[in-house]
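What follows is a set of structures to go through.
Both of the next two complexes hold subunit A, though its partner changes from subunit B to subunit C.
And now, the complex of A and B:
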């Protein structure tokens, strides 16, 4: 019959795939053998170096090869230090290629430990590193996957190395949260940026309230809320205002345990000496026992403390 | 030219969206398909044109023949240059335009996307997600917060409103039966939603003040269901224009042996006997088929009784010099513009990243149910969006009306002739796919509609 497509059976496809894999494996073995043999004789062999590039692009998790490349880069650095005029430029050009390689490898596997580490290691060696580009890369990979912890780690490394530009990092953090606020890393990162004072605590409270009002069942923002509440810069009036807001939220969502829990944090269990709201807390813990029976024991314990306190007052 | 085959299983005339799907589906299950089009371009009223081709477009054939009837062609076609000085530059870039007669969006989890995936046609086409949804409230453009993240980030919605809105959107399943009102807007107002929240939710539903509760809820659910799959909004747009889609199905049909011939000026008649079509006569030959599918636009009026078109779709196409709401990055905007109490105007603003217009220009599509004429129907909206000193300027505009044929019924249609209506006023292709599926199932009741097509690496080439 004419004009009909012939399609391979799944068996044929499987066999084909296996054949391809075998071919890949052979290439990998041959490449590794070549590299290891030249490395043993302590030679920087450009051919082996080239093969390692190819192998890493396919599988960036062969840490032996990253170590091999580090050795070669050190030789290169040694060489360049002999040339006083052009040395730095030559080294920079060589290392730039290495940096682009890690970028290629990250496309293959954005969670490759080896690629991220190697990149940072190369930057340390670089006579003139472009840090802005690194921040950009970090941001880019977080937009692909905002739970890629390598990016968060890398960003911390960068900040430890070159210091923090507060407005830029605040903006970065806000962008991350605007993108998806159900992310512990984003909230935690934000909490590491600065000490809260009277001026900025208001902004943080607004931000975190936006999150808990949008989705009170999402725990990530509540943890940040708790952290902000623990700040001594929070005034008494502000506390009262927050308590009113939470009452309002509870009216809208009476079954959400986080709201009641936040009311407990707010009325003093974070600052145990505060005895003003003890009677209220007794009530809150009773509500929590109903709302969150799996943690009943914990709430009963707190309830006991609160009740004792109330009796002593 | 080689002669066409003289006997096939299925003969299709017209390369509109519905015809093309049927063609692909029939070829896919091994039927021999001959697919003809009197036009020299794909897509009929679903087609895309470059700028020059749009200017040359002739919707009104001088004499109706057996394969062209006047009733179903575009009406009121008219264009003008509002900034003559830009004309030359735009015409020089004519081929960078892909101007849709019928632009459509796709719900990310809608039937169309599902069909693309299950049938593996996705490989023949590219998409771009709509980046923002806008609406018009109190004399200005407003961003509609559509996802949970948008609601969180919106500066215009108070925290309590955030909760109220989220609560409404997450509890749509439970509200239908218990409500007193049957009007969607009244229902929203009864939920103590503030004016802007009501407008946002109305925009999500594409609802007017007359939309019923059931319909409104259904539309919002569709909107929400499609969120979080391919981008920030629930919608995708076809790169290089919606006209690409019909062609993608034609390509699939051709891969499975469908034979294509465009620009067929030599068709003479479809001959019928005893309420069946027996053959197609051309100047050169006779072609016999078991079944015949034609677009309404290219069908003889003798099979289309009674011809009575009740509704038209108003369309406007604009080329402008900047975005209606400029931002750092180029946006692909979908504006839901409420016009009066009974009508919404769907506005798509496409930048160069969609592959439908050159850099530094925007292509704006307006679509609405027709009330008077396209010019009149869009006058208010255009006045609001394109007249201020800081607003974009219209360089070129083109207006026309598309007959709404999706709900027409004809009497005494030959039993092996299947008629494909033209575009409808929906945002997406859902009902058109449904129509194609119905026709397919009538012809081939027990066969699968567009099963997954093999990838190229699964195909044996040669022997």
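And now, the complex of A and C:
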């Protein structure tokens, strides 16, 4: 859009353009009218349906058109139920085309809420939905864009359909993270699969610890780290060991705010005995004020609380 | 941190940019917004309001716009579809009195049309308040969330916020089961402390704003435990990079200067960030022809222009009108709303 030259429009050109726009507008209105006029008659009109396909390919955000199509699909279902022998096949063939349409829309705009929503709705109506294929597509798409939350949400809907086991999905999550530690969406997804308890807490800690220690400046895994730390199943010895590890990490990477933040979490209200470490926390907050001046105000606030505590000790 | 060069705030260009849209000069790359033109209008009017320019719009022009917004109102006592439409694009009737198929309100356009009317100093007297609230009630799902329109659409935190705002503006909460709504919000808090579009979904500053604002509008912020409150603050504060981002490890984006900043304001934590460096990122996304864009060196659009201005206002920058974050409008507009509420009693 930048750097485009401005051309003066003569009155004549203006009039011509207006005429052209009017023509387009009339075509559009005629299309819409054709589509919408069929609602009352309860009849499926292939021409209208076709026009709505074209319109949605151009703009998948017209939710009225998705809803129009839902009504048509419901009529199709009703009709097919009258045909005991061929009904299901006919309906399936019809709905398969609908699934292709949503695919086309999603390729054009992978973040179209309406297209994702419609796709799932159609599959739910399908007499013989191929959830496994859907699941395969979803896994494949996540390799193209691993932050598309629509696709992650969709995956969650699908795992309930294909009856995948929890360990299999946890393995998928581990693979995702081993492939890319710095994908925040994968960490989130993992948090929804795991109930942290004494059986798995060490494994989770090892996984997330190797992520944050590999690249401490990357923010992705630190919240998961904090989440694991906040779990009471983690022993006091383990916490002390972690604190020592963080001290070592800080020596290697003295400018990383996350390391100092994690030390605050470990010694603060979250975990290790509060009063025992309050003098250390005073020091940590002072370091943070230097390391992370954008959030200075917050650290000064906590510093004040810690100093008051220290004075009262 | 190195200091940024001072960047000029091109107020006048932004005024011109927003006015161009209001005069119907919509570039072709935004043609797909045709079905949601009322939202486009809202961003322009609301942006001009932050620039303190509403008084400079001639009354006649305001009246025209008010009439247009009212022409989008759907009042239907047979089907529960009352509200405001996105635009007239979907309307095909020739005789205005005839009922028309698919003439349905949408929760997001109802929200933005009501705000547009308020900003244009309309008294909302022609808003069919009862029917809108009755229709709103039909949009709440079993889990407490809201869908956007009666015939179905996705349901998530965005529409919870629209529902809460509509109820707040119309001063009538009878269309919402507030307990269920609060439950839905609390269930959507993620492991990291932020809030997603729904339960189990990834935290996002847009949905976090919507959730916190809905709690605040319905007087339910106290339903957050102190731990939840602190976790939210922490997650949001750490969204500040060179500017605000919407999720960890995502690029800084102009619109989050409002979504994230506004959420921090509601949680009374905005003062914890350094606001001196903060305006720079937003200012860098100014287009040389006016307007703000999502990122540096990309094309401006009205949505990011509005949120850029709203974000700068939160930073108390540039002599802009002050925001009333939880309703996503200026304090000036909110004060007028409060007066209207007393008149309705």
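FYI, the second predicted complex is superposed on the first by the 215 of 313 C-alpha atoms of A that agree within 3 Å, B and C clash if a C-alpha of one lies under 4 Å from a C-alpha of the other, contacts with A are read in each partner's own complex, and residues count from 1 in each chain.
Here, a contact is a pair of C-beta atoms (placed from the backbone, for glycine too) under 8 Å apart; a residue touches a chain by one contact, two chains touch by 3 or more.
On a predicted model such as this, the values are computed, not experimentally measured, just so you know.
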item: Which superposed partner A:250 touches (first subunit B, second subunit C, both, neither); value: neither
item: Touching partner for A:178 - first (subunit B), second (subunit C), both, neither; value: first
item: Which of subunit B and subunit C A:53 touches, first, second, both or neither; value: neither
item: Subunit B versus subunit C as contact partner of A:188, first or second or both or neither; value: second
item: Touched partner set for A:68, first subunit B, second subunit C, both or neither; value: second
item: Subunit B versus subunit C as contact partner of A:117, first or second or both or neither; value: second
item: If touched residues of subunit A are counted for subunit B and for subunit C, the larger one; value: C
item: First, second, both or neither for A:283, with subunit B first and subunit C second; value: neither
item: First, second, both or neither for A:33, with subunit B first and subunit C second; value: second
item: Overlap of subunit C and subunit B interfaces on subunit A (superposed complexes); value: 2
item: Subunit A partner contacts - residues on subunit B that touch it in the complex; value: 30, 32, 148-149, 151-153, 159-160, 162-164, 166-167, 255-257, 454, 457-460
item: Touching residues on subunit A, where the partner in the complex is subunit B; value: 2-8, 13, 177-181, 209-211, 213-216, 245, 248-249, 252-253
item: Residue ranges of subunit A in contact with subunit C within the complex; value: 1-2, 28-29, 32-33, 36-37, 39-40, 58-59, 61-64, 66-68, 70-71, 113-114, 116-117, 121, 147, 149, 152-153, 156, 182-185, 188-189, 191-192, 218-220, 223-224, 226-227, 293-298, 301
item: Interfacial residue positions of subunit C with respect to subunit A in the complex; value: 1, 27, 29, 32, 34-36, 89-90, 92, 100-102, 104, 106, 148-149, 151-154, 190-193, 197, 200-204, 235, 237-238, 240, 247-250, 269, 271-274, 277-278, 299
